[in-house]
Each structure stands twice: as structure tokens, then as C-alpha cells.
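Chain nomenclature is as follows: A, B, C and D, assigned in order of appearance, with residue numbering initiated at 1 for each chain independently.
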Amino acid sequence: MDGPNPPTFPTLSELEAVAATKVRPRVWGYIAGGAGDERTARSNERAFRQWVIRPRVLIDVSEVDLRTRLLGQRVAAPIFVAPMAYHGEVHPDGEAGVARACAEQSLLAVYSTLSSAPMEEIARVGPSGPRWFQLYVQPEFEANRRLIERAERAGFQALVVTVDVPVLAVRDRQEQGGFAIDATVPIGNGPGVLPPRRGPTRGGSTFRLGEAPSPTWKTIDELRSITRLPVVLKGILSREDARLAVTHGAAGIIVSNHGGRQLDGAPATLEVLPEIVEEAGSSLEVCVDGGVRRASDVLVALALGAHAVGIGRPVLWALAVDGERGVRRYLEMLTLETASALALAGRRTVGEVDSSLVAHREWM
Amino acid sequence: MDGPNPPTFPTLSELEAVAATKVRPRVWGYIAGGAGDERTARSNERAFRQWVIRPRVLIDVSEVDLRTRLLGQRVAAPIFVAPMAYHGEVHPDGEAGVARACAEQSLLAVYSTLSSAPMEEIARVGPSGPRWFQLYVQPEFEANRRLIERAERAGFQALVVTVDVPVLAVRDRQEQGGFAIDATVPIGNGPGVLPPRRGPTRGGSTFRLGEAPSPTWKTIDELRSITRLPVVLKGILSREDARLAVTHGAAGIIVSNHGGRQLDGAPATLEVLPEIVEEAGSSLEVCVDGGVRRASDVLVALALGAHAVGIGRPVLWALAVDGERGVRRYLEMLTLETASALALAGRRTVGEVDSSLVAHREWM
Amino acid sequence: MDGPNPPTFPTLSELEAVAATKVRPRVWGYIAGGAGDERTARSNERAFRQWVIRPRVLIDVSEVDLRTRLLGQRVAAPIFVAPMAYHGEVHPDGEAGVARACAEQSLLAVYSTLSSAPMEEIARVGPSGPRWFQLYVQPEFEANRRLIERAERAGFQALVVTVDVPVLAVRDRQEQGGFAIDATVPIGNGPGVLPPRRGPTRGGSTFRLGEAPSPTWKTIDELRSITRLPVVLKGILSREDARLAVTHGAAGIIVSNHGGRQLDGAPATLEVLPEIVEEAGSSLEVCVDGGVRRASDVLVALALGAHAVGIGRPVLWALAVDGERGVRRYLEMLTLETASALALAGRRTVGEVDSSLVAHREWM
Amino acid sequence: MDGPNPPTFPTLSELEAVAATKVRPRVWGYIAGGAGDERTARSNERAFRQWVIRPRVLIDVSEVDLRTRLLGQRVAAPIFVAPMAYHGEVHPDGEAGVARACAEQSLLAVYSTLSSAPMEEIARVGPSGPRWFQLYVQPEFEANRRLIERAERAGFQALVVTVDVPVLAVRDRQEQGGFAIDATVPIGNGPGVLPPRRGPTRGGSTFRLGEAPSPTWKTIDELRSITRLPVVLKGILSREDARLAVTHGAAGIIVSNHGGRQLDGAPATLEVLPEIVEEAGSSLEVCVDGGVRRASDVLVALALGAHAVGIGRPVLWALAVDGERGVRRYLEMLTLETASALALAGRRTVGEVDSSLVAHREWM
């Protein structure tokens, strides 16, 4: 918050490149890298290029309203900060900076189990901010209960259960940089919190991913039974699992491939969004993250049925470039560009966006 | 007009690169850049690669006639200079240079509300030249009336109303270069003329794009009621709006995405040309701009139903390279290449070009 | 023929790059360049990547026979040297070198009206070689008669009439290099022979491509009436013109876009080969040139119905690298690779190649 | 086995680049190169990008079992080392190193007729390891009998007959490097063993690939008649030949294009896997090699019906980087990544992988 503004904050096109110069290579490898050789990570952005926005003209768009509701809660725009671990590694402002920037702009942020700051501090610095708590299911069930109770007390309004990390994937770039998700990185939510396991180990002639069973739909039922918070499942990529999410009482789905950091080879999130919306969109709220970079991406995702889009890496880029101030600036830029794009598309509100806004194409 | 010819004027392939060395970076960022990360700008050129021209042979093409009529007016070729602001920033010859070159070659040019030269001067230097006046709708209606009356008096023969700029889009490259479309750039048509607004501003919990409502179809009706000039709508990209254009009495449509400078993510103009021609092509004249670089692009657009194609950036490149003389040379090169390509395609006149000339393909 | 072998003649992959270092830039611009910005030139090679060869195995291919007949004449392989002008600009061995190399290997070569060497000399150095004469139709009909009579006397066995050059296209790369197809380049067939006209010129409000009418189907009839040689039409790219070729008594068609040097935007030759074979393949012999680089290209073209493939630029590359010896080496390499590929595909003769050999795909 | 571990073994993404620095250019040209200009070699990897893996979530994948049976034999994972010649050129550890690493991990390896080490030594150092013997059919039938008898005695459990090398293809990169597959490279299986012939030679007006007929289906029958080992045909790329393989009593097929080293222009193996599985998958075991680089490739191939995948070049890269220890490390990395990917895909065993795991897409 102190210190002069950087002479020129980068444009959205330049943000990643500038951020790469601001963080240690080890952390950059962690932020930037995906699983395997990053096919899924790359595909996330590319998938958006296969849709064009069909603008309508000569409609009075002098006033544009981006507000929407997410699980009943009013937010300033259908854009939220996706859950990401260890903001403190990127900039000392960490999650507190993100929380202040989001609260100020009435934007939802989802905070990770593995936040650098304790969830109570996050809640304190941005008390008015819409905030959801992301849970990495802990092997010991009581540990989940303790985290959820803290989240409820701290005013988090939903529980986002990550379902695509029964084990951490092999991430070449992260490994090349030397970053390890393990006990050596401080976790704000306390020493009792465990990051996901790093990979299978041989156990005789089979492979073991952990001592305890990995989370199942039964786990979801159990989590629902111990919290009054709506449960959102993050990491669903198929019509079949969307149906099960409805059956098991989820309030929402975040269509996500973990930013291409888990199963390399998984589809781009935009590729499967339509089938998930078709299957479950009338029963629960479907959001999407992965590869959202510009206003046009926001509009395409909304047109394909998403309630809102999650932003991942760009928020860390902004944090890297100028801390809390960078995040504030970034969110403002993306929101304004979205308002502008909505107007240019001939729509005045998020509610006016439907599938007639977009058309598919094969190339780009 | 004075000074020796440059030893070798660049070929069309080289023109852009040479031009980039001739203008200040700030102006180059303005000319070259598009909206967002320029997906639409790039797609304009690429869309042409998806069509091939099926030449017929052994037809006597020893005489080729490119002449056509646009809104009843005879022009030497179905090629016109698209409206672009601030020619004077590119070269001191400015719009006057363009006007002289076009008049000499009987080619239509469309001049911007934001021309560096006053429209009266443009008319004076090229009195015989076909010329249309492009209108950025002014917030105060009387300002529109004054501009239109001046255009009528100065002999402009049509009114081209830009409909895709309720607000200026975010243009990263322009911003990086530091060019701003605002009061600091002199506007030849007078201090009372306002450029479009630069983007939404927050207004409480919504966004405002201006004090006045943005232009609507009702505005088109009102403009038609105060002018005897035919009204052409520039910036239509959908079948639905083409239909409305017919309903509201437009004489023509220019299918345009503003050279990829407004809604990034909008379709390439060539992608939507067929649906617009299908919808409205029998009721009014459909032109297209965006990405037209070579004779083959001209032929493809005509084959898909365009009456004529607008050329944007290349005219500024030519102006940058050698002022009026550069524009003259450029227009001559493009026209001759088009005559040559028409002959090589086995057609003698523009009227012989129809959809049998082209075939679609998926790759390139 | 004298001097030591170069230590290592390049592989086919390297040939172009090595050749580029051997000729003057001015000539390289002429050889390498295509029309416009070379879309068609590029597409020729790419089109072959869209077909895969489905090999059959465990067939006795210990003896492979590439021989075939072209217009009744026995040749060693379904591969011929396409007509190209001015070999002497590339290497002093010129057409004579090509003629000796081809005759030695019983391969057909087609020699250009614009050969650096007189056709009589070509015939003398390779008397046994299958050879066809390519005609650029001369504006004065008697000039055609004289050329044809000379070709007949010199033992050329077919007349290849080029039909895609009513005018020379704009070729940027050639122009940048400064090469001009005009009277300054010596033409072996004599001072009375005219190269095609360089482009349209303005003639009042239209464009003229020449004083005389450009060649038509009537010209083909007239040429047929004055020669006993079979007439092959080179430059046909459409089903419609293939049908007319049959009607007008052509003995063959060379599907060609002039190596991408005439109408930029024309289809890749492989794209239209199937429709032309379908239309005319049972009535006359269809060959193809453009982008053939490797044995796999030869097989794909044959599988799609071509009787033989013409090789253009690579022959000049080989000529540039090592004169006649280079051409001999190149033709040997390509022929051996084709024999090898045929065997690897499980075919023993050219006659065993049919459409079951290939499958289409969309990517590469 | 001695000496310190390299400080960091490369990730799978880096392996090729590191390996390229470890072997002589001549050998690298041999390992890395493919036939012709390597279209098929490139396509092998790209073909995998056209399939996405549709993960299922919230399934207990805490224990993952990769074991499967190949021709009745238990292996630790559906991954085997594809047959490759001359390991000793890459690293002194050679085939013995590979054999020890594979035996230790209960992974199948297929050893080449042209192994640097004698097959008896390979068997001795890894007695417990599943191992198959690859046969290049020798021109003299008795030579085949001798090789097969040795293989049987040495405990090899299947005979893999390569069917796609009636002649060695032209391989530009190998030739540029100067590597020749001929008598100058020592063959561990003895001086009487002949490598495949290097290419056709002219024999009068046809081409000869060898004195003896090349292998045919009759050869397969004869080989089957002299061995009790199951016969696997490697190099089949068509539905038609898959059917013949069944007819002729083959126990398995390895769908292979020889790593793109034989017929350039042949399909990517993944492109034809489905048609071969459809034709023969219920009658014999179908494996595939070519372009398998990551766990996601393994899963895609299994989902399309492969029993197992063969790994070629990467094993040599690992051998080049750190000999036997490198191979061990590599196989461990690939196996663990596959276990991880299987879990992330929501599958616990190889048997749970079916076509519902994947979806096709056109781009990437």
C-alpha cells in the first residue's frame, strides 16, 4: 500500500512477462508450470480461441451492470479469484493483499487450505469480502472438521472441496525449479494441516497414494453432514460426475483441471463446460476456471453457461508485480474490460448473456 | 509530391515492415494494435486463407474491367479506403494526400469524423473523388446535424455511421505505446467534435459509458430523417443486425470489426460475410473490411457476396512510407494485382465473380 | 562432368538450403519465389501432409518395377521434370545437363519455350530421352507454328500448352530480387520468342493484358490442327476445365498452379487432383506438379489418380548444387527412394497403386 | 552401477535434450532421425494430442495396480521396452543395463536381432525379466532357425517378427550423421547375423531389394512351424493385415511404424490402432509403439484398446544420460507417473481403462 505506483502497470498482454521477472525462478516454476509436459495447461487458453463472440449493435449500453449472485451472494462481477496455495511465496502481501483488493471491489475470492496466511487473518483484513474456503480433504476426518469450523467462524460462505487431487501430479517445471509442496513451505492454517501427497509410492507390486483411502462421494456426504455451508465441488470434468454432484447435494461445481496442474491430458475446461452445464446447470451453479485471461474469455464462458469464472495465475502475476496494489489494479482492469466487452457485445447485464452470443469455429 | 521517388517502393509483402520504420513508435502502436490481445485482428487475415480461388482457363481475358458502382456511383474498382482517424499523425500529407491519390484513380475513400484535415479541405483537393463521410455519433444530436450538413455541402455522397463503438475498447498495444484517442490529438473537423469515450467508468455498482445513451436504431432513424445522403452502417457482424439494417432503411452495410480494434473475440469479418449477404444482400449493398491485403483477398470477398472491400492499415502504411505518392503507388499496385488476379481466375469483369469462384477448406 | 564429386551431396532434406547458397540472390528470388505472398506456393507442399500412406506388409517386394507409360511412351518411373524457364541462369550446364541426366535414366523431361538452350541442342545431347515441349502461346499464331514444327523435327513427343499464364502474376520475391522475365534474359529458342506479358497495363478505364486476345479453347483447337503431337494442357485446376479438355481433344492434363507462381490463392494441386481425375481420368492422362518433394508425395499423387508427377524447383536446386551431375544424383535419389517406398508400402509396381493406398486426415 | 548419482536426473520433459549432449552426433543422428523428412516420426507424438482423458473423481484410488499380463505372462505395468538395435553404441551398459533395469522392475523388454550384446548375455544378467526376441528375418532360412533356437534356449518367451523392413528406408538425418547400418557395427548375436538391406539397387530396368524374396505370410507360417514360442508381428498398420495376422496364427500384433524410421508418410500408430483393435483385438493381443512419451500417452493407448505400449527412443535417451541407472530411473519415473495418472483419471487398475476414458478432438 505504501510506495509510489510503478510508472506504468503492464497491460494484460504484458502481465505474465513482467511478473516472471519479479519472482524467484523456483517460485516461478511453481506458479507457471503444469503437470507433465503441460498439454492441458496450454489447451485451457487455446480452447477459448475456438469461440467467437457475435456482437449486436445499436443497443443502448450506456449503463452496464456486471453484478450477479453466486450461491445467493451478491458480487460485483461474475469473476472470482480461484483458490491457489502459498500467496506469500509470491509477495509479502500474500492472501491479505488479495483479500483487501477483492473486498474493496466486492469480488469473490476462494482461499486455499494451503494459504500462507491463516484464514482468520484473511477474514479480518477483508471482512466484507465474499469469501469461500477451499478444502484439501485431510486424511484424518477430524482435521477436516476443525478446518471447516474455523472457516464457518471466520465468515467464509461456502466450502469448496477440491476433488482432483487424490495425489499431486508430476509437474516437470515445478520440479526443475526445485519447488516442493511439502512441510518446508509454511502453511498459514497451522502445522496440523497437510498438503496433498506428492505421488504414489511402490507398495509391493502395487502403488499406494496414501495410508487412508482417498476422498470419495461418501466423503462429500460426510462433509455436508458437518457443515451448514453450501458445498462446491472443484475439479469435475465430466457429465457423469456432474450428475453425481447433483445427487450428492452439491450446491455448485467449479469445472476445473487445476490449471493443467493435475492430470495432464485432461480436457480444457471450456471443452467440457457445455456437457456439465447441460447435465447439471439447472440443479446447481456451474463455474469454470482455467485459461481465463481476457474479457472475451469471461463472456465466452458465461455464454456457454458458466455462472462465473475463476482467475488463477493472473492474480499471482499481479501480486508479484505490485502486491496488493497490483491485484487491485488487475481486478479493476479485468472488470472494466469485461464491462466494456459486454457493452461492445450489445449486452447490458450478465443476465442478457446466453448461447446466442457465441459461435464455434474449428481454427485459430 | 516533391522529392525523388524512393529507389524501390516496397512490394505488398514488405510494406508493413517498411512502414514500421517510418513512424514514431507511439503512432505505430496506434496503427498496428488491436483490441485486447488481438485475436480478432489476427483472425481477419487468417480467415482469407480458408478459401481458395478456383481459376478457369482459356478464356479471353486480354481486357479486364474492374469498374463497379457503389450506391449508384461509378468507381474504378471494388476497392475503397476504409475510414481511419488521424492520417496527419502518420504523414504530413494526411487525408489530403489520400484524397488526391484516390480522386486521381477514381477510387472511393471514406473519411473519418476524426480526420486530421477538415472535411472541406479533403473535398477541395480531390473534388472529383468519390467520398463518403464516416460519422462517430456525437452525444449531442445537434452536433451530428452540423457535421452532416457540412458533409453534404462538401459533396460527400454517403453517410457511414459507425455502430461498433459505444465505447472505445481496451487496446493494449496502443496503450503500451502511449497513444490516447482524446482531446490532445487535433481533430480537423473542429474543436466541437468529440472522439468516442475511452471506456466505462464505475458509477456506483454499475458502469457508465457516457452521460447520454449510446446510439440505437432510433438514432439511425433520426439521422436518416435529417439527411438526403444514403446511410451505410459500419460494424455489423450478425445476420440479426443485417435484418434490422434493412428494416431501418440503410442503403448499405460495411461488415467490419473495426480492424480488430473494438470487441476482441469478435469474428473475422469474412466469417460472417456470407450470413449477412444471405440475409440482406438483395436489399442493400454489403461491403467488408478487415484483413484485406492482396488481390486474392479482394476476389474471395467479392465471391462471397461483397460489393467492395475496404482497405485500412495498408493505406496508412503506404502513407507512412511515402506520403501521397506512396498511397498512389499502393493503390495502383493493389488495383493492378486485382486486375491480374481476375484475369488469372478467368474472369473479365467484377460481375463475373460469383460463389463458383471459391471453395472452402479447413486448413492453412 | 569434370571435377571431383562434392564430398557429400546433400540429402533431399538439405537440398534446398544448400542450393540457396549456390546461386545469386537475384536468381534465387526467381526460383524460390511464388506469386503474391506465396499462399498457394506454401499450400502445395502442405496438402501432401493431409494424406497418409497405408502400407501392406509381408508381400514379396524383392523386385520393384517403377516403369510406366506416358502417352504411350515407356519411362523408367512416373516422375518427370516439369517445364521451367532459364536453366542456364542456375548453372552453365543448363537444360543440356538436365537432358543428359534424364536421358540416361529414361525419365521424361518437359522443356520450356523459355529454355536457355535451343530445343535442338536439348534434343541432340539426349537423343534417347523422352521429351515434351512446353509452349507459351505466342501472340502471333505463325510463331506458334514455327516453334511446334521445330519441336516435331527435334523429336519432342508431345506439346504441353501452358494455360495459366494469360499474364505473368505479381511475384513479390522475384521482384525484390530484381529478376525480370523479359528481353534481357536470353532465350535459347531464339530472339523471336516472346515471354508472357508482365502484367496488365491501364488502358483508359479498363486494363489490357496484351494487344492480341489471350489464348482460348479455340487456340487449343487451332494448335491441335497444326501438329501431329498429342496436346497436353498444363495449368488446369477445376473439374469444369478438365471436362473441356476432354471435349477439345487434349491427350493429357498437368494439374498445376505453376508452382504457386501464378494465381496466388489458387488451390494446392493435390486438393483438386481428385476432382479432375474423377472428371477426366478415364478419357485422358492426368499428371500433377507442385510441392512434390519426396517418395511419399509421389505415392500419394499416384494413389489419387495421377499418371505421373512433375518435379520443379528441386531439379533446379540439384542443378545449382552440382550441375548435370547434381541432377543425375538427385533423380537417382528420388527414384530409389520411390522404389523403396513402393516396396515398404507393399506394392511391386506402379499399377498396384490405387486409392486404397492412402487415407485422408485433417491435421499436420 | 558405480559412481555417484547425477545431481539431478532430468525430468521427462528434459530427457531428450540432455541425452542429445551425451552421445556422439553420429549416433544421435541414428537414434533421433526418422525416414525421409520425418513426417511420420513427428506425427506419432502429435496423434496423442488429439485425444483427451476424461477423468472421473471421488473414487478411492489410494491403491493403484498397474499389473497386467502379456501373452499370459505377468508384468508390472503395460509398458515395455520396444526393440532397438545397437544399445552399445549409446552407452557401454548396453542391453545388459536395460535388461537388469527391466528385470528388477518386472517390465517386459524386447531385444533386437541387432543387439550389441549377445542374447545369451542379456538373458544371464536379467534371468527373471520378461523378455521377447525380435527377429529380422534372415535371407537364409536356417539362420532364422538358429536364432530362434538360441532365443528359446535363452528363455525368451515370444518371437517378435518385424514385418516392416523388406528394405531399410532412406533416413536423411542418419545419413547426414554418417551412421550406417551395416557390417561395420558389431552385432552381439554373431557375425552370421545380417542387418536388413540398405535400400534397393537398380537391376536393369527394375529395382532389386535383395537376392532372396522378402518375407511373406508364408514366411510367418514357416517360422511358426519351427518354434514353440508365440509369434508377434511388429509393424502392422492396417485392418487388412491385422485380419491376416489372425488367420496366420499370430499371438499378437505390435502396431508400429518403426518409430517413423521406415515408410515416411505412414500413419501415426495411434491413428490406426482403433481399426486394428476392432479387427483383431478379440483374437490376439494388440500392442502399440511410436510417440509414447508420458503417462497420458499410455492411458490413451490403453483406452483405445492396446494391451501395452512400447517405449523406444526415451529408453535410449535414459541409457545415454546415465546407463543402466538412467534406464532404471526412467522406467521408475514413467511407471510412477502412469500410476499417478491412472489414479487421477479415477481408475485403480488397467482393467478399468476402456474407451469411456478418452474423447477425440480435432485441434492441438
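What we mean here is this: a contact is a pair of C-beta atoms (placed from the backbone, for glycine too) under 8 Å apart; a residue touches a chain by one contact, two chains touch by 3 or more.
What you see is a predicted model; the values in this text were computed from it and never measured.
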Quiz item: How much rotation, in degrees rounded to the nearest 5, is required to superimpose subunit B onto subunit C on the basis of Cα coordinates?
Solution: 90
Quiz prompt | Distance between chain centroids, defined by C-alpha means - subunit C, subunit D (Å) | solution = 41
Exercise. For subunit B and subunit D, let me know how many angstrom lie between their CA-based centres, rounded off.
Key: 58
Quiz item: Going by the touch rule set out above, which residues of subunit B reach two or more other chains?
Solution: 362-363
Quiz item: So what shape is it, when you link every pair of chains that touch: line, ring, star, complete or other?
Solution: ring
Quiz item: In their shared complex, at which residues does subunit A touch subunit D?
Solution: 36-37, 39, 43, 46, 50, 163-164, 166-167, 169-170, 172-173, 175-176, 199-200, 202-203, 205-217, 219-220, 233, 235-238, 240-241, 244, 262-268, 271-272, 362-363
Exercise. Would you tell me which residues of subunit B are touching subunit C in their complex?
Key: 11-14, 49, 51-67, 76, 106, 293-297, 299-300, 333, 336-337, 339-341, 343-345, 359, 361-364
